[in-house]
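Okay, so subunit A shows up in both of these, paired with subunit B first and subunit C after.
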Partner chain A sequence: MDIVAQHLLNGLMQGTMYGLVAMGFTLFFGVMDVIKFSHGDVLTFGAFAALVAALLAQSGGMGVWVQILAMFAAAVVATALIGTEIARFFVLPLRHSPTLNILLLTMMLGTVIRECLRLFYPNGGNPQRFPALLPAGGINFGRAFVRYDGLILLAVGLALIALVHWVITRTRFGLAVRAVAEDEETARMMGMNFRRVVRLTFALGSATAGVAGVMYGLYYSEINYGMGVLLAIIGFSAAIVGGLGNLWGAIIGGYLFAGLQTLAVALAPAATEYKTFFAFLVVIVVITWRPTGLLAEARSERV
Partner chain B sequence: MGFWRRGITAMAAGLLVGILPQVSSAKDIVKIAWIGPLTGALSQHGIGGRNSAELAVKLKNANPATKYNYELVALDDECKPNVGVQVATRAGSDRSIIAAIPHYCSATAIATVEVYNRFKLPMVVWAAVLPEITYGKKLPEIHRVSGTLIGQNRVGAKFMADLGYKRFVSFADTTDYGKSMDKYFTQFTLENGGQVIGKFGVPPDQQDLSAELTQVKELNPEVIFFGGLTPLGTRLRTQMVKFGMDQLMEGQSGIIGEAFINAVGAQLAEGVITFFDSPRIERTEAGQEFMKKYAEAGYKEPYEAYGPFSFAATNLVMDTIEKAGPDRAKVTEGLAHVKDYASTVGPITFDDHGQNITPLTTKFVVQDGKWTVWEDSEYASGNRKLGRQK
Partner chain C sequence: MSSPVKAPVWPVLAGVILCSGMLGAIVAVEDQRLIVAMLLGFAAIWFAARRWGAVAALERSAEQHPGAVGGAILVAALAGIALLHEDNFGFLMISTVLLFASCCIGLTIQLGYAGVSNFGAAGFVGAGAYTAAVLNWLPWMPDLLALIGGGVAAVLVGSLLLLPVLRTRGHYAALTTLAFGIMFGVFLDATPIVGGPQGLKLSGVNLFGWDFSNDIRLGSFLISFYANYVLLSLAIFGVAIFVASRLDRSWVGIWLDTVRLDETACAVFGVNIGFWKILAFTAGNFLAGLAGATYAKMLGFIAPNNFTLSDSLMLVSVVILGGIGNRWGALPATAILVLLPEKLQFIQEYRLLIFAVLVVIILMASPAGLVPRRTRRLDPHLIIGNVGWLTRLVPHARSVPSPQRGEG
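Showing the complex of A and B:
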């Protein structure tokens, strides 16, 4: 039973990170019908921005909690800015061109971001040690071990999911996002600033990736320039399997993917190398069965 | 007019007189390729190896007694088999390159051996330790100064048994290198009376190891053996400590070097043990000389664990060219007869597969942020205890 609880906790932590990445994909698709494939690299950029902020705060003799705040602030600001600019200079001008063009363009942008980190960050090709600022240690529940930092990060992740959901469903900005997602022309006729809504949505989606990047660094104590690639593929798959364009779908997809990976290890400990293979295989089956995802767009509100 | 003509003739004669002695003493340039990871997660090892090879070339060129002037062509294989094949092909197809000193990663080296054979380019591996690189096929161009991973696992298993450890879990990456590490670790551990109660294979780029560590924790071994390279090794060490696991981490040559301690941090790295096929270079005259020259050269980066091997391989290649001449076939023939060649890493003797058969295995433990030779450590003297040591 203890081992089940431990796997459940591991899966929850991973699922939250995947869900945060998937939320970004779903927001971009919901508003603009685009797939921004640089999303994983934006996450990595956020993690590196946070690392720089932490090192600066550390050298300035700031306290631990100030350093943590500086990290999250730097990641959110850096990723929101880069997200806005991607929308302004690449997505909006190309919005009438085939979707494939934007997908390819953002994929190339992601490569540029990744290579810039590798080439211009000092020793950027090497894994970077991320400051372990959260309380170390944990509590034993039977043989299950709950890490304090894991608990804190899980709470942060869940709070962010709730916050994004609240912004989208309960605020005027969220109303504008949903209006644009439903019908761009009508939203414009109602006096909404379409370009502004798109830019802010990209800022919001990218900032969630930034937070996920910091969570990743704090949880694993290490970041590297290529970490966003697989996270983006998993996040995108999670968004698809949940129902691309649907916020809840992205979250469910994230937890489902993490759950499948964990299940594979729990059921076949001798074949752990197949866990990602197994998860993707199930995702393929689910997509074949329900091409519009588990929470199909037709039955639910977009974004 | 006559004045100008005489003047120009005199100047031309003077120039010829000045130039001729230089022309007669100018040495032919001989190119040798050095290949390793200069970018990517293992670049710290690659840059240390490249610097060491570069140092060997600089010192050789500074010696007026040499017949040739050597030029090192450093190529980046990123520790990726496909990139390795590309750069090996590039070196092989460049006829001005006479020999190569390639590869840190075994997965890359095993993918390229056929390329060197196809292009008849003699090579001396400076770091990769997979046995099949030299023993997979008998190819005349293939040689290696570093040991195979068999020796370190044999020594490691005996050492762990002597310390009283019985229950092991193997945690290896899924490349040929990791699988081979797991194979020989298991074989020698069982031979020494140990039990391998679980095996976990993970891709080298996997970030999250919590699911696997949950299973390891359930098995409750005394030792987690790691068969892989630095990036995955740092993740395993960091995450197992964060998971509250106090087992001893037993590594191997894939994690030896400053890169591991830099990435993990001195505190978390403390007490990690590893085995490395190298003599204690700080105790040999050649080793001390290398360390002194490296420091004098002013490189910013450390030479890392395999720098002395890269230095030795480069010197061996240049000395063979000095004797045989800058010709691929003759150098291949020359390398076939290497016996008791004095080097930074001890005497080198190649067997009929081109494998150096003389490496010595040294045991290391991380103590206060440094890889310390076991016999010199406070762990050996009993002042400190390893994880789960009885």
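Showing the complex of A and C:
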């Protein structure tokens, strides 16, 4: 029983992280119909910004909670800035070019970010220890041991998902995002500042990834320059499996992917190396079965 | 059908001499400052040639005199081998360029002609390479079969992906091959029977008693054994170019274009979308697998980190960098990709960064690439055998939900 609870918590944690990344993909796709593949490396950038902020706050002799706050603030600001500038200088000018070009462009931008971290961050080629700031220890639920930091991070992640959902569905800005996603031309005719909406959406989506990056660092107490690559692909898969452009789809996709990985580990503890293999296999099967994702818009075109 | 103006043959000869001269000079020179100066000179020549229509003249001439192109390249290759005769490393680099370019021509057939996205190309190259390595365990297996087996294995692996590739479009289709690339890497890393992270060793090629690991002796003149691989790679590159040009210049090329540009219109005219996508995907994977098998045999050692996601992205970038849909563009683009970091040691550490920045600049400033695709000179009599009956093997596509709104 306790092992099930452990797997469940671990899966929830990973699913929340994947869901946060996938939400970014789905937001960008919603407003611009593009995939911004540098998303994972933006996440890494956020984690490194948080690390620097924490180290600075530490050397300034600030308290633990100030350090944590500085971390999240640095990650959010850094990723929002870089996300909105990528939208401004790279994605907006190229938005009418072929899908392949934008995909490749953003992949290469991601490579630039990743290589810059590797080459120019001191000792950036090696994994960096992330300060363990959250309270250590934990509580026993029955026989399952639950770490406090895990619980706190899970709560932060869920709160963030709820926040983004609230922003998109309940605020004026969210209305603008949904309007642009629905029909860009009409939205512009109604007097919406399209470029501004796009840039703010990119800031929001990237900041979400930044928080996910800090969560990753705090949970695994280690970050490295390449950690965003797999996270981006998993987040992309989650967004696709859920149905691009659908916020709930992204969240469900994230938990589904984490669930599959966890299931593979739980069912075959001897072959944990294959968990990602198994999860991607199921992803391919799912999109073959539902070529537009699980929660796709029911539009059909006869060919 | 012949075009009204017959193009002269000399631009082909001049072009081949100039290009092979530049390639040979880069390979042979070691002085870093001289290489940088040469590269700047070559870039200037290139842009001037593009600006004043020399590249276009070359392409026109090349397309009307295919025999002259092949002959000139072969002569240039032999002359290059004679000049560089003991430069092992130089030969290795040239073979690598040719094999990478062959693989990129396969990708051009997929991405550039039929519009089938493939972000797992390194996986198919790896399937070929690992097949060659596994077939190496059977002592009686002739190497020719091992090389072709590499291509066939890539096709078989690719056929597992046919259904998802045919049913999905746009970003959804990109995910299928992306996920395959990751799965392939995870599988190799986790499976000890194929060597796990340590990889596998292979013996060199031996075709019909012609042992590629022996140096070539012509009297007292000694040529490094790597020259064998240069010739083999050149042959594979020739096959790739031949297949691609046959596909492109016949009616098949037009059908592939319609499949890429407008599936709805395509279906209205009764073109079997599924069949042509399968054909392009299969042909591209075969070339990737063949090139992979040869590469593995040449290096004598392969490991999973030769076939990662970033290698797949590199291959797609080469196709875009060269000019999407232009089969010859793969050659200068791979030459830049392979030779620059090897020859300029001071950029070794920064090569990925420089390459990524380069691709970003090209995509922003000149998305058509180094050698933009030109209108084909259609040859309606060029028939690759009567393939019409084959299309009946694949049922016509049924109603497919559109993955995204307003995709052009």
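In this text, the second predicted complex is superposed on the first by the 298 of 303 C-alpha atoms of A that agree within 3 Å, B and C clash if a C-alpha of one lies under 4 Å from a C-alpha of the other, contacts with A are read in each partner's own complex, and residues count from 1 in each chain.
We take it that a residue touches a chain if its C-beta (ideal position, glycine included) is under 8 Å from a C-beta of that chain, and two chains touch if they have at least 3 such contacts.
On a predicted model such as this, the values are computed, not experimentally measured, just so you know.
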### Query
After lining up the shared chain so the two structures overlap, which partner does A:Glu273 touch, if you call subunit B first and subunit C second: first, second, both or neither?
both
### Query
For subunit A, which side has the bigger count of touched residues, subunit B or subunit C?
C
### Query
Once the shared chain is lined up, is A:Met107 touching subunit B (first), subunit C (second), both, or neither of them?
second
### Message
If we overlay the two complexes on their shared chain A, which of subunit B and subunit C does A:Gln58 touch? Say first, second, both or neither.
### Response
neither
### Message
A:Ser97 in the overlay: touching subunit B, subunit C, both, or neither? Say first, second, both or neither.
### Response
second
### Query
Where does A:Ser237 make contact in the superposed view: on subunit B (first), on subunit C (second), on both, or on neither?
second
### Task
Name the contact category of A:Asn10: first (subunit B only), second (subunit C only), both, or neither.
first
### Query
Overlap of the subunit B and subunit C footprints on subunit A, residue-wise?
230, 273, 276
### Message
With touch defined as at the start, can you tell me which subunit A residues reach subunit B in the complex?
### Response
3, 6-7, 10-11, 13-14, 118, 123, 125-127, 129, 136-138, 140, 143, 145, 147, 149, 216, 220-222, 224, 226-227, 230, 261-262, 265-266, 269-270, 272-273, 275-276
### Message
Please output the residues of subunit B touching subunit A within their complex, sorted ascending.
### Response
39-41, 43-44, 174, 198-203, 205-208, 210-212, 214-215, 217-218, 231, 234-235, 238-239, 242-244, 259, 262-265
### Task
Flag every residue of subunit C that touches subunit A in the complex, lowest number first.
111, 117, 161, 163-164, 167-172, 174-176, 178-180, 182-183, 186-187, 189-190, 263-264, 266-267, 273, 309-310, 313, 316-317, 320, 324, 349-350, 352-353, 355-357, 359-360, 363-364, 367, 397, 399-407
### subunit C contact footprint on subunit A (complex, rising order)
29, 33, 35, 90, 93-94, 97, 99-101, 103-105, 107-109, 111-112, 115-116, 119, 229-230, 233, 236-237, 240, 244-245, 271, 273-274, 276-277, 280-281, 283-284, 287-288, 291-293, 296-303
